[in-house]
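In the two assemblies presented below, chain A is common to both, partnered first by chain B and then by chain C.
== the complex of A and B ==
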């Protein structure tokens, strides 16, 4: 596995219908559909998931509290397109989806996001709504439910670790004649 | 179900289980070697799923032959010699390149996507229930491999050539999936399992559409290279040697 020329996609995972989509990491993929498929396998090995979003990293913009002053002033007030807004309160943690705004450019979207969601935020992230691809709603069972029936995916399902230690330590002889 | 049908259904299920198990092992050979990390994880996941499905079929088989469904599957997988496996040769072929493995998995997924819904109508309830459980997961598998063959088929000249080459090689093996066992007729008459001829028709219709979206031509109908699931290529012995080595080295260990 060497460097890939494939673009990076942000992945947002929703753990329950009431919870917001949270940024859980990113995947490389040739396109959004493959990114979604990969995101499912990389981030949904445990069953807590009801929906996934992916967005090309190139379409994602973010700004911290400290960077707000550096945003270019937006002469244009046109409400060009919808952006999804994500925020987090500190450097640690995950960006959570908080709502939607309309703006004419990513810079303007960040400024509006900081004005609309000002409290307790350390970083704002905006993504054009059209750049987000969501997992198909009618295939939720095939995508996410199956993980519930798979205790064998959990490390605790196996005694293997202890066994391998014993084998390595010479406590178990091959051919069963211990 | 009539008692006389039990051995026939047991053979049928053993064949399905062996198909899934051997394919799962072949696919697991990509772990650590896939083109990118994300796909490495995804394809490994898929291999584990197939292994889980094999486990379910082995359990049903064990019930029918009066063996312990907890321990007998391990015995079948790790302590049986090649001539006693009942998988099609399609799944034992070496993994080849990425196009070869993706297309093989796709052809198998497409077969399962028509097979499992048909098995959900089985007059043997445990079979119908298990098929329903697995079918849910296969929707996702098919999506994944469909996406890959579309991209390989319509990607670069080289990816198209590799995919076409893989198809030419796999095709006569793939059609063995639809060769019925002689003892199967009565199972079909009793509504326990679907007729393979109908399944093959549905499978062809499905893959024809996907092939079109992948710029692949559907091959002429071919005679299967083998019609007997007791016959294997030389590749199965090597596969089993690797797959069974640890269990055979430590036969008394509970994993």
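== the complex of A and C ==
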């Protein structure tokens, strides 16, 4: 009954070209390529998406305001690598992509992120830029096309509340055909 | 003793945060009981979405026309997605989806009792959307306000999609209730079979839910089982009556003073019997899940082999 568990990938979804990528959850997959396909099936059954990023959970580091004090002091490392920074800035919000910083370790990246984006943030999340795999840009349209022609997936497709109102008001015969 | 005092201080801060309406995030301090309650609730919720595909999935090939087939297919796909949103929320608490799935298959975990009832006619597909998804939305709308950030966000996403599920079912019920006498009879029969099991979905009466006060204090739930059940009944009865449908409850009365529909006694013996494995479909549902898991094994193995080979090629 036991299988080897697939690694977990964080998923970041961009709803429109103007909007930042937002953390929307995670999927399990055998590799990044499958993670992108799974992410599309799980998070993009409806059309609000222009780009997906996935990153192995093991490469994602995050810290809350609570945990910030517990971060070990980090020596400044000029070499380092690029990290993408995501912050949860509203109590009820999600983690949104805010920019990029260079750091020598995930811990240092978190500290730098908290110093660069200090205001009103609840959670900082950093991912090495090289760990992120994006949905193909040149196929952007085709990749998300399948979600666009299914209006019946939206509640506005159904006129049930109007029908019930009309039946209750006696404007529609409950016995009659539409 | 010092540790205990420390925890008391942390608990006070934690409860103040919840009282202010802040969301608790995975890296934050939380009481172990909060974490355990959430893992239990979220994994049961996830399993319910996954097992919930079964009663409807069997009707996809028997849908009466292409429109209904497309709609049902989309709905069942959504349920699979909802399961995944929820497993993710549980995983932020330090458990693994694999463990949770194994607990389900080994009958160590529960899922919503409602899915242990059979879908005997096409009208049941309409009633599941209208009743079962309608009841689920009330619960999930409450959980979208939950104090734990990842569970709250998963429910916000679910609610946005679940409205479609409820409305497609309600549309079918309206259509059948205004259709031929055979259709009316079929939908009334379906109401009769699903009414009580749906009301049981909200869980035991408040007087028999020992966990409720703490769940409410910690903002995991914001309304009690009985409050949610009453809202459901008050919404639904006038609509059913307008459609010429009745519910199988001879004791149903309208309390003018309170403005509430008062239901008769719920058969909790049946509830506990079904929860403990003796429902009409418990064996069938778990059997179907196990079969799906086994039948998918070769796909998982093939993907793992492909990933391993790609990794080796990269290393060379």
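The rule we apply is simple: the second predicted complex is superposed on the first by the 142 of 178 C-alpha atoms of A that agree within 3 Å, B and C clash if a C-alpha of one lies under 4 Å from a C-alpha of the other, contacts with A are read in each partner's own complex, and residues count from 1 in each chain.
The working rule: a residue touches a chain if its C-beta (ideal position, glycine included) is under 8 Å from a C-beta of that chain, and two chains touch if they have at least 3 such contacts.
Quantities reported herein were computed from a predicted structural model and do not represent experimental measurements.
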Contacts of A:67 with chain B and chain C, given as first, second, both or neither: second
Partner chain(s) touched by A:45 [first = chain B, second = chain C, both, neither]: both
First (chain B), second (chain C), both or neither touched by A:167: both
Which superposed partner A:157 touches (first chain B, second chain C, both, neither): second
Which superposed partner A:145 touches (first chain B, second chain C, both, neither): first
Partner chain(s) touched by A:28 [first = chain B, second = chain C, both, neither]: both
Partner chain(s) touched by A:37 [first = chain B, second = chain C, both, neither]: first
In the superposition, chain B vs chain C on chain A residues touched: C
Shared chain A surface residues [contacts with chain B and with chain C]: 1, 4, 6, 27-30, 34, 41-42, 45, 150, 152-153, 158-160, 163, 167, 174-176, 178
List of chain A residues in touch with chain C within their complex: 1-6, 8, 24-31, 34, 41-43, 45-46, 62-64, 66-67, 88, 91-92, 94, 122-123, 150, 152-155, 157-160, 163-164, 167-168, 173-178
In the complex, chain A residues that touch chain B: 1, 4, 6, 27-30, 33-34, 37-38, 40-42, 45, 139, 141-143, 145-146, 149-150, 152-153, 158-160, 163, 167, 172, 174-176, 178
Residue ranges of chain B in contact with chain A within the complex: 33-42, 45-46, 48-49, 52, 133, 136-140, 143-144, 147, 151, 249-255
Residues of chain C defined as touching chain A within the complex: 21-23, 25-29, 67, 70-71, 74, 77-78, 81, 84-85, 88-89, 91, 96-98, 102, 105-106, 149-150, 152-154, 157, 161, 163-164, 166-168, 170-171, 174-175, 177-179, 238-239, 242-244, 293, 297, 300, 303-304, 306-307, 310-311
